[in-house]
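Have a look at the structure that comes next, please.
Each chain gets a letter, A, B, C, D and E, in the order it is written, and its residues are counted from 1.
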Amino acid sequence: MSFAAGLFYVMAALAVVTALGMVLNLRNTVAGAMCLVVTMISLAVIYVVLDAHFVAVLQIMVYAGAILVLFLFVVMLLNLRSDAFTPSRATAPKVVGAAVGVAVLAAFLAKLPDALPKVAEIPADFGSYRQVGLALYRDYVVPFEVASFLLLAAVVGAVVLAKRRLS
Amino acid sequence: MDLWTVVRALFIILVVVAAFAPVITWVERKQSAVMQDRIGANRADIGGITVLGLLHPLADVLKLITKEDFVPAGANRFLHALAPIIAAIPAIIGFAVIPYGATYQFPGHEPFTLVGADLDWGLLYIFAIGSLATYGSVLAGWASNSNWGMLGSLRASAQMISYEVTMGLSVVGVFMVYQTLELTDMAVAQDSTFHLFGFLETFGLVKTLPGWLSFAQLPFWGVFVQPLAFVMFLTCIMAENKRPPFDAPEGESEIVAGYFMEYSGMRFGLFYMSEFIEIVVIAGLLTALFFGGWSIPYLSKDELIAGMTPVMGVGLATALTMVAHVATFLLKVVIMIWLQMQIRWTLPRFRYDQIMDLCWKIILPLSLVNIFVTGAVILLVKGAP
Amino acid sequence: MVVPLEHVIGLSAILFTIGTVGALTRRNLVVILMSIELMLNAVNLSLVGFSRAFGEVDGHVFVLMVITVAAAEVAVGLGIVISLFRNRDSVNVEDVSLLKW
Amino acid sequence: MLAEYSGLLVILALAFFIAGLLRVAHRFLGGTQREFAEKQEPFECGEKQIVSPKQRYAVKFYLVAILFVVFDVEAVFFYAWGALFQELGWFGFVSMAIFTIPLAVGLVYEWQKGALEW
Amino acid sequence: MVTSTSLVNPSVLAPFGVVATGSLVVLLLEVLVGKRQSFLGRPVTREFVGTLLSGVSSIFLFIALIVAAQFFATMPGRIVFDPAHPMVAMDRLTAFATILVCIGSIFTCWLASTYLDELRIHHGEFYALLLLASSGMVLLVQSVDLVTLFMGIELMSIPIYALAGFARRDLRSNESALKYFLVGSFTSAILLYGMALLYGATGSTDFVQIRQAFDASNLLAIAGLGLLVVGFAFKVAAVPFHQWAPDVYEGAPTAVTSYMAVAVKVSAFVALLRIAIQAFGPMDARLSDLFWVLSAASIVVGNVMAVIQENVKRMLAYSSIANAGYILIGLAVGTEEAYAAVLFFLLVYLFMNVGAFAVVITLATGGKDRDRYEDYAGLSRTRPTLAALLTLFVVAQAGLPGTGGFIAKFILFSAALKQGFVWLPVIAILGSAVSFYYYLRLPVLMYTRDPEGAAPRMETSTGEGLVLCTCAVAVLLLGLFPAAGPGFLSHFRALEWVRETVALLG
């Protein structure tokens, strides 16, 4: 097993463990958010292993560096330290639901290998910002422009909802 | 991974962390003393020898390391311990993509580049770890269960994230000129000159440049082709480092020490250290982006090697060039550090609203304008493909 | 490719399931939002994996779009959480009870 | 391509080593720990802590964080575009100009709405 | 794979561009006017701002509508943005859907300006968000690529999350926004995973290429398709993915509710239709089965649950679930005729549903909705015209002959019967029979009981009047002229558009 492959499996394990940590951690939301930060970073490393270099750095910049900072901000500032998780509530459906989810997942994983496409050879600069950028700014110029309106909608929506007084 | 990778990385760590950063703490004290007409730090001595107070950094480290490992009541012990490390690591690894020399090839060897890691999205790496550095200050304030700490961490994080955006946008003009995100490529591109009045030729105002005009050449440095970007980037990156005049997050007259107020010993030491390491990283970054990196003005690498080869052979010429380049780079870094110190001790602290206004209302629109003006000029001068 | 594709897609499926279970069972709004982010990340992982398998960067561009959308969603979503919090001191889904869930 | 990351890995390892070393050294060389209530109190310039730091803070902090996320993503689109600019030519210039208009309108909107006031 | 950009045909994006530009203009106008004392010689009051912004928005929507109609009338076939990477397309199906979306949005603009005044909600960003959402819908119905489809869905949804929470001081509105957001973003994630799996199964995000590479025996393809349909089922609130709808519809400001119930549904269904036709071709049998189940469940649950509601908005929510069920019949049947019938159903649904909501909106006064059944007691005496109109709209929804609702259901069910689907029409007819109970409860209350409680608002604003009239006339015209239904298919050649869309697969 090459070093890169080893890295992949270590990071995969880390991602799964921290993801579980985020979901199962019932007491401290800040710790949950920090778990998710680690998940994001390990996914970024996995992207590097998968030759998605540009995506990897954006993953860190936007997900780990921006989106989760915002989460942390909200969690800290609203003082959401405790989850109001009360075990007395009927958890049976949730357990059953989770079990069903795991069963579906297992079935999916079992049949997965036959369904996958063949792995192609890639050019040396695969996944570089150049290649991705050229595709984005030429072939995908429509979604690119739409992204800007989407972000405008987010700005307006956020201001409308969160601002105390709208003049 | 070979030995040389490790050596190049070690060089960075040694120069930046072990040599520059401690010295800067001394420079800072000395410079403030000079500017305030005092003598400054000069007491720490070993056997009576003070070497101008240069032993103070060592004394600092010893003092911080032997202090009590202290956690305030009500703090989240784990995050309280983690925060300084999260703050320090991005600072230390920041220098990894900054080239301190060109690509050299010795006869019979593989070519190599003097940089920690030659990534094709080099500058984005800086932005990425810069965005991760926010966690350090956010967690520090939150974990220490103190009002001042919390306020400091709020201010720090709001300031850092705001300036992150403008910092990125302000240098887009530089990307547009050099057509790369890779810092090594930028330095190579800056290792040349341009005719100051070349545009006269491009727009057909003159047929060929008269000799006296074509003589006016400048190094193709970022600071000459993107002066506005330089000013904005310098502002933003200093604000990112939260040093005066942007030190509202730790404004001692209002919130004592801000987010690291409840820290002492080496826990505090790591915050302190990361601040000074960042100064070096910023200096390196400014050098690489705007001052030609390792390049010697008017004397490109190829000319230098070619000029020396007949005298001493390729190997030695390359080696000498390499040494010259690294020395040039370090010199430029020192100048950039001096510039930051100068700013730090000249300007008073901005108010918090001024800091945020500067970011969102001045630099952000200005950087957008800069991008499009640069774009239009490039397309008009060079012609669209 | 250094690892078999099924391991990549499998990891993505596992993360997606964890995210789904989290989004459906947790009651802290912020945790639900984070679980949804995890689901989006799982999708990104499989897009990156497929992209690598096909040797085309379409998947990467798709990932950029997903990241954009995730940012916009989070901005609006946390805005909603804040506005709710201002009117009511809770971020527990079950307290959102004026309208039956 | 992966080889280029090895330098990064080395520096990262060194960084962890240095930070870890300093912390561990502090742990072992640090002075004796004496914990008592007065010393453990959070520092409030000599006053008792009046309010808990775990409270809600001004909404403008959230607002600036939310706006940051949005503008950060906008900025991300500029980076690769900037580095490919000369290849994309006027087409790229115009498409980015169109991309920027909503962003600029968003900025004007915020500004006028006072979302950027402190 | 990177192509030249010379073949780009930006005119395809004209309707989207007009609506999106409109949102920018309205946003700037709001900022500009909001700070002034007077504008254009008129004092700036809440009413004035509302009227101005709603007028400007509807002008932009109207231009987009004209552009789409122009495309519709002159369309020679289909044009795409860039032949190598189509992304968005314009054909008659798209143009028709764009027209529907624009009409729905214009109605919402007109209804909102008075409604927001009555509820004392500031106008501000409402119209900008509305236009942004509408531009998302236009993009959604134009998409022929998974990436644009996804962006369209999100551009539609994100402003609507904010719109649902637009009454910021109203807890119900907050919670409605929250639920819509949670469900919506969860759905997006599921939808997106489906898209990723489809991409993995086919190697492309373009509908045509997906269709060519689609292999119904491949696990990824099936899973992807399933998740995609589930995602859309959430968006259109088909059972069992409907629980959110009544709460969200009830809590949101009624103008937004009507927008969600109509415009969102129309665009989502057209997008689903296009995926069904274009990406997966002549229906994969499993997909048809899936639609069958969704359809039957929606009809049954929607109608039964609507019976026990005590709130008119909730009742309308359940009835819209039931309507989604009827529309899904067409998708389950999967013939060209059934698709054409779906388009006609959407047209009628638009008018009768907006009409019903318009009455609820017109009654709102004193900062409150009047959305409980008791509020309608004796309405025939206080507001006879409104009572009559509401009767018309609910009767049409119930599907009584003489209204558009009847014709729509008739051609839909007959298309199903022709294809040998027996049980679905039977379930649907039984469901419609149940629906008589809850629909006719309103006229009974209005005409047989005495008014109770506070008096309703007595004046109808111009905008509301226009919407009510247009809807009533449209519902009657589409129903009274015997040729309306089949005539729609023949005269407007709806069948042809569907054939065009099918044939243009390349």
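Note that contacts are C-beta pairs under 8 Å (C-beta built on N, C-alpha and C of every residue); 3 or more make two chains touch, one makes a residue touch a chain.
Keep in mind the model is a prediction, meaning the values are calculated, not measured.
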{"item": "Those chains which touch subunit E and also touch subunit A", "value": "C, D"}
{"item": "Selected pair, greater C-beta contact count between D-E and C-D", "value": "C-D"}
{"item": "Remotest chain, subunit B as reference, centres from CA atoms", "value": "E"}
{"item": "Chain centre separation (subunit B, subunit C; CA means) in Å", "value": "35"}
{"item": "Whole-Å gap between the CA centroids of subunit B and subunit E", "value": "54"}
{"item": "Between subunit C and subunit E, centroid-to-centroid distance (C-alpha), Å", "value": "26"}
{"item": "Distance between chain centroids, defined by C-alpha means - subunit B, subunit D (Å)", "value": "17"}
{"item": "Touching two or more other chains - residue numbers and ranges from subunit C", "value": "9, 19-20, 33, 49-50, 53-54, 57-58, 61, 64-65, 67-69, 71-76, 78-83, 85-86"}
{"item": "Residues of subunit B engaged with two or more neighbouring chains", "value": "119-120, 124, 131, 154, 157, 161, 164, 181"}
{"item": "Two or more partner chains touched - positions in subunit E", "value": "1, 5, 20, 24, 27, 34-35, 147, 151, 154, 158, 161-162, 165, 168, 177, 200, 203"}
{"item": "Chain-to-chain touches, reported pairwise for every pair that qualifies", "value": "A-B, A-C, A-D, A-E, B-D, C-D, C-E, D-E"}
{"item": "Of all residues in subunit A, those that touch subunit C in their complex", "value": "2, 4-5, 8-9, 12, 15-16, 19-20, 22-23, 29, 32-33, 36, 39-40, 43, 46-47, 49-52, 54-55, 58-59, 62-63, 66-68, 70-71, 74-75, 78, 80, 83-85, 89, 94, 97-98, 101-102, 104-105, 108-109, 112-113, 116-123, 126-127, 131-132, 135-136, 139-140, 143, 147, 150-151, 153-155, 157-162, 164"}
{"item": "Touch list for subunit A against partner subunit B, complex", "value": "28, 30-31, 34, 37, 53-54, 57-58, 60-61, 64-66, 69, 72-73, 76-77, 125, 128-130"}
{"item": "List of subunit E residues in touch with subunit D within their complex", "value": "5, 20, 24, 27-28, 31, 34-35"}
{"item": "Residues of subunit B defined as touching subunit D within the complex", "value": "1, 5-6, 8-10, 12-13, 17, 64-74, 81, 84-85, 88-89, 92-93, 95-96, 115-120, 123-124, 131, 144-150, 154, 157-158, 161-162, 164-165, 168-169, 172-176, 179-181, 256, 261-262, 265-267, 269-270, 273, 352-353, 356-357, 360-361, 364-365, 368, 371-372, 375-376, 378-379, 382, 384-385"}
{"item": "Of all residues in subunit B, those that touch subunit A in their complex", "value": "76, 79, 119-121, 124-125, 127-132, 134-135, 138-139, 142, 154, 157, 161, 164, 181"}
